[in-house]
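Look for chain A in each of the two complexes below; its partner is chain B in the first and chain C in the second.
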Partner chain A sequence: MPKTVQLKIKRQEVPESQPYWEEFEVPYQKNMNVISALMEIQLKPVNVKGQATTPVVWDCSCLEEVCGACSMIINNKARQACSALVDDLEQPITLEPLTKFPVACDLMVDRQIIFDYLKRAKAWIDVDGYFFSGPGPKVSETTRRFAYDLSRCMSCGCCMEACPNFNEKSAFMGPAIIGQVRLFTLHPTGQTSKDQRLEALGGKGGIGDCGNSQNCIEICPKGLPLRRAIGEMNREVFGYKVKKWLKAD
Partner chain B sequence: MSQDKSYLLKKLHSLTGIIPLGIFIIWHFIMNSFLLQGAEKFDGAVELLHSVPYLWLLELVIAIGFLFHAAYGLYMVFTARYNLRRYSYKRNWAFVMQRVTAVLILIFLLIHVYLLKFSGLEITFASLTQVFDIGSLTILAIGTLAAMFHFANGISTFLISWGWTVGGKSQKYFGYVSLVIFFVLVLVGVNILRMFG
Partner chain C sequence: MANGKVIVIGGGLAGLMTTVKALEAGLEVELFAYGPSKRSHSACAQGGLNAAVNTMGEGDTTWEHFDDSIYGGDFLANQTPVKGMCDTAPDIVYLFDRMGTMFNRSGEGRIQVRRLGGVQYHRTVFSGATTGQQLLYTLDEQVRRFEDEGMVTRYEGWEFLSAVQDDNGVCMGITAQELTSMEIRAFKADAVVMATGGPGMMFGETTNSTLNTGYAAAQAYMQGVKYANGEFIQIHPTAIPGADKNRLMSESARGEGGRVWTYKDGKPWYFLEEWYPAYGNLVPRDVASRAIFKVCVDLGLGVDGKNMVYLDLSHKDPKELDDKLGGILEIYEKFGGQDPRKVPMKIFPAMHYSMGGLWVDFDQMTNIPGLFAAGECDYQFHGANRLGGNGMLSAIYGGLSAGKGVVGYVKNQRPSDKSAALEQEVLKQKEDFKAILQMDGSENPYAIQNELGDWMTKNVTVVRYNDRLKKTDEKLQELTERFEKIKINNHNLWCNQNAVFIRQLWGRLQLARVVTLGALARDESRGAHYKPEFIERDDENWLKTTIADYSPNGPKLSYEEVDIQYIKPRVRKYDVDKEETMHA
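For the complex of A and B:
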């Protein structure tokens, strides 16, 4: 008898409909990941009861854990489906869509809010001119290393999924946004618009809403130094607020 | 200045937990510990405390601090979406316990402050021994445990939120400091309750 993989998937046809569970059994292949198991379902959309069904919908792109598109809840943990190897997972493998973002269909969610929040926090660096103005300022190796680690954020939403304070009742923008603000306020050119970012983090849904559950540090698939990023931004935002108040007319 | 005041409120919430509430709870325990030196010393300390000048002002500061901390804290309790079953990490446990104890303390303090301040009960060792049965001592013990956890863990999160303990090492170290503060204060509390046992 050939080896098989058991899957239990939380499905939802349209954003307004009720979710339901459906179980599948697909042929096992060596070194397969959750995406390739889902592809087997796509190939032969028949559930474990032998009934023909619709193929399961999911989102993915890079398949090497750098794009952040295939975030889902796999065996009760938010993570990337591409780097979730079937051999490492307990079966039946349960797959659920992220719960903090609106479900589009099955395992596919709409993560637009992350990008809206990144915009609100001005998580980018302005162009400092359209002509060559010589080399930029030097950055120390330790700062570069920290900045590089933060730059690995792929906006996958796992930290927001695990954060108890990121939800529909709260305005909190989430850990990833704080990490990106840290990154762009470290950058010498980015520092010219630092105040705008600190203003965002000191405002509605900003860093004040962090509840120190630190689930983000545990769950981040890229192991981002979120502890230090949040700690340092706590200090920066407080300093900015005090100085601003003291100087205000 | 932006119209949104949530950052200021969060900071005030964090601050009121230490000043005046944290300072008060330690002071409260020191005063109660006069019991260890005997009934007369305790009754004398209560009398002295009640004759402190500007006592009403101190009480007002504590009351305002408490009411704000409790009201904004309750809002925080109800705006979180708890996920301990899925993410049962140590700090997430502390996050949930901080909010569970918050509700326990609020219920406890409503009873505690009413009975010992507004019910007209005379605060002497003799009269307290009469009214404290095993039930009320249990409630006092639960209230003490909850309050001490909330205060001790609150010190750790205060240090993170104000940008003092930034790294893993300092956060871990002050986690231990909180644990020691918790155990010391619980022992001091138990020592007080023992006097009524």
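For the complex of A and C:
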């Protein structure tokens, strides 16, 4: 008997329809990951009962865990499907779409809200223009290292999935956004306009809604220094509010 | 809206750079992409960006960068745009520096540089080993800033279907399809820029992302845009073979001291260092890939008798490796299961980049007025072989030039206001899509794709023989016939990824013939194009750009003169220093 891989996939045809489970068995290959298992279903869309079915819909792009596209829940944990190697997973491997974002189809979800929150947090450097006018400010290698670690955030949504305070009842923008605000308040040019970001993070859905469960730190596939970022932003936002209150007085 | 409206297709480095430049000039922009910009293939670029910033006092100059690029491209690139790119490179680095890209720093806090292949200077600025991701994010953030001000609309999750021309043949917009609702619509614009990336999926096994379908460029080609130098395909020497994709191991691994070797007579054999003493492990990609092929295929000396050799960093300081190469070491660890700080990595060449692409003029405009192209989908900057670190540079510089080109173009020319062509094209695209949904033959489209990839990888990559190229073209024609007999197993009008895949496959088959027949015709060896039967570069007959025009019976090839006004072609060899080749 050739070796096979058992999969149990939560499927949903359209956003309004009821999800259902469908099981598959695909041929095993050495070093295969969840993506290559899904590709096997694409090649031969037949479920474990031998019934012809539609191929499973999912999101992916780089397949090397740098683009953030293929987040899904694999054996009850939110992670990237590309770096989920079949050999490391208990079977049947269960695949489900992220639950904190609306399902578009099967394993594909709509994560637009992450980018909307990045807008709200003003997560960019305000440059004067895109002409050439010499180098930017000098940055120490120590600062650069911390900033670089934060700037590897792929907006994959895993931290939001794992966060108990990020859900449809709450306005909390989520851990990734706090990390990005930390990044842009770290940069010398970003510091000059940091008040607008602290205002966003001090307001509704901001850092005050973080319940300190620290799930984000555990789940982040890129190991972003979120603990430090959240701690430092708590202090910064507090300082900003005190300063604002004193000025208002 | 007085200044005009531009549609940009593609949310990677080239598309975003074009977008920012057009927005800065006051144009309205609509940006179309498969998904959010952060998912673009630019994120996979690792090693860095070449610019003669000379922060190490080596006396590096933009002229030296220009000469290395032309020499590295085996003299096939038009020299004027390449010179412009190299002259502008330091300013591009400083612009990204101002926008907040976290480039690695020297002790003094200045931008650090490292070496990549085909170059004897430290000229590559970098951000760990995920430089493309960092540059991409920087531009994405800037576009988000404009989005916040309501100046740009992003259409994410859309596929470009076709360019629409007015009665005078001027581009007046596009048709596109939303990939969840499958809705097909026309969008009007004064100019359109394609920044749609490379055609990697044509080879099946590639370092490219799954969204590098090449479909948009193929569609433009089928609509009459000339496709230039299609036969020049870069095979990256160091990739980790995998079931779903071949993952790139950046050239920066060698830039930071990585050595390539295999066993010979029971002892480590550093064949690149032995064969190319002047450049060692940092020979250009075409040279390194051929050498690894020779060792594995011709000499049978691959590791464990298989098609792989070692790429070794285990002698380096792990802390320094983490700072400079962390991103790629993590990839090897996660996907290869071993720690490259301790054991040598096993690698083999894989299809990586297309030097060829849509023909553009020096302002990045194609032969269809008002339709521009930039980034990997154009052919502009790399000639017969691209140097490591010039890819991101050319995407950004091409985007800058296209942005400027578009701004200049819409000042003087606009398509006619008749919109009948847009409506007609939407009807046609809807019909075509309906026809795909009704395909009820016996062929599996994914099986056709696998055969396409196998044939292209076996016969149209590192070593090329005319008889095999001929057979490959016959195979492509057979696959084209079998395409008509595809059976679609998904008739949904919601998130139908299968119908989209089938449409893309058609474009891929057409473009594969351009690559294969271009290679068959070119009886010489130049850069990445290598024929053992024609081992020398033949400037007398072949110092010319291949141009493919679409016809239903296959591409029609013609040739165009190359701009060589600055640097006279000379023999290209990497066993000796470049200076020696100048006096030969």
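Simple rule for what comes next: the second predicted complex is superposed on the first by the 242 of 249 C-alpha atoms of A that agree within 3 Å, B and C clash if a C-alpha of one lies under 4 Å from a C-alpha of the other, contacts with A are read in each partner's own complex, and residues count from 1 in each chain.
One rule holds in what follows: a residue touches a chain if its C-beta (ideal position, glycine included) is under 8 Å from a C-beta of that chain, and two chains touch if they have at least 3 such contacts.
Computed from a predicted model, the values in this text were never measured in an experiment.
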Determine, under the contact definition given at the top, whether A:Lys194 touches first (chain B), second (chain C), both, or neither. neither
Applying the document's definition of touch, where does A:Asn215 land relative to chain B and chain C: first, second, both, or neither? first
Which partner does A:Ile125 contact after superposing on A: first (chain B), second (chain C), both, neither? second
Considering only the touch criterion stated at the top, classify A:Lys8 as touching first (chain B), second (chain C), both, or neither. neither
Comparing chain B and chain C in the superposed model, the one touching more of chain A is C
Taking the superposition as given, does A:Lys77 touch the first partner, chain B, the second, chain C, both, or neither? first
Where on chain A do the contacts from chain B and from chain C line up? none
Can you check the complex and tell me which residues of chain A touch chain B? 73, 76-77, 162, 164-165, 167, 169-171, 199, 202-215, 218-219, 227-228, 230-239, 241, 244-245, 248
Going by the contact rule set out above, which residues of chain A touch chain C in the complex? 13-14, 29-33, 35-36, 39, 42-43, 45, 52, 54-55, 57, 59-69, 82-83, 85, 104-106, 108, 111-112, 115, 118-119, 122-127, 129-130, 132-136, 138-141, 144-145, 147-148, 151-152, 154-155, 184, 187, 189-190
What residues of chain C sit close enough to touch chain A in their complex? 20-21, 24, 34-36, 38-41, 43-44, 91, 94-95, 97-100, 102-111, 127-128, 130, 133-134, 137, 141-142, 144-145, 147-148, 156, 180, 209-211, 242-245, 247-248, 323, 327, 330-331, 334-335, 337, 444, 446-447, 450, 489-490, 492, 494-495, 497-498
Quick check on the complex: what are the chain B residues that touch chain A? 1-2, 4, 6-7, 9-11, 76, 78-83, 85-87, 89, 91-92, 94-95, 157, 160-168, 171
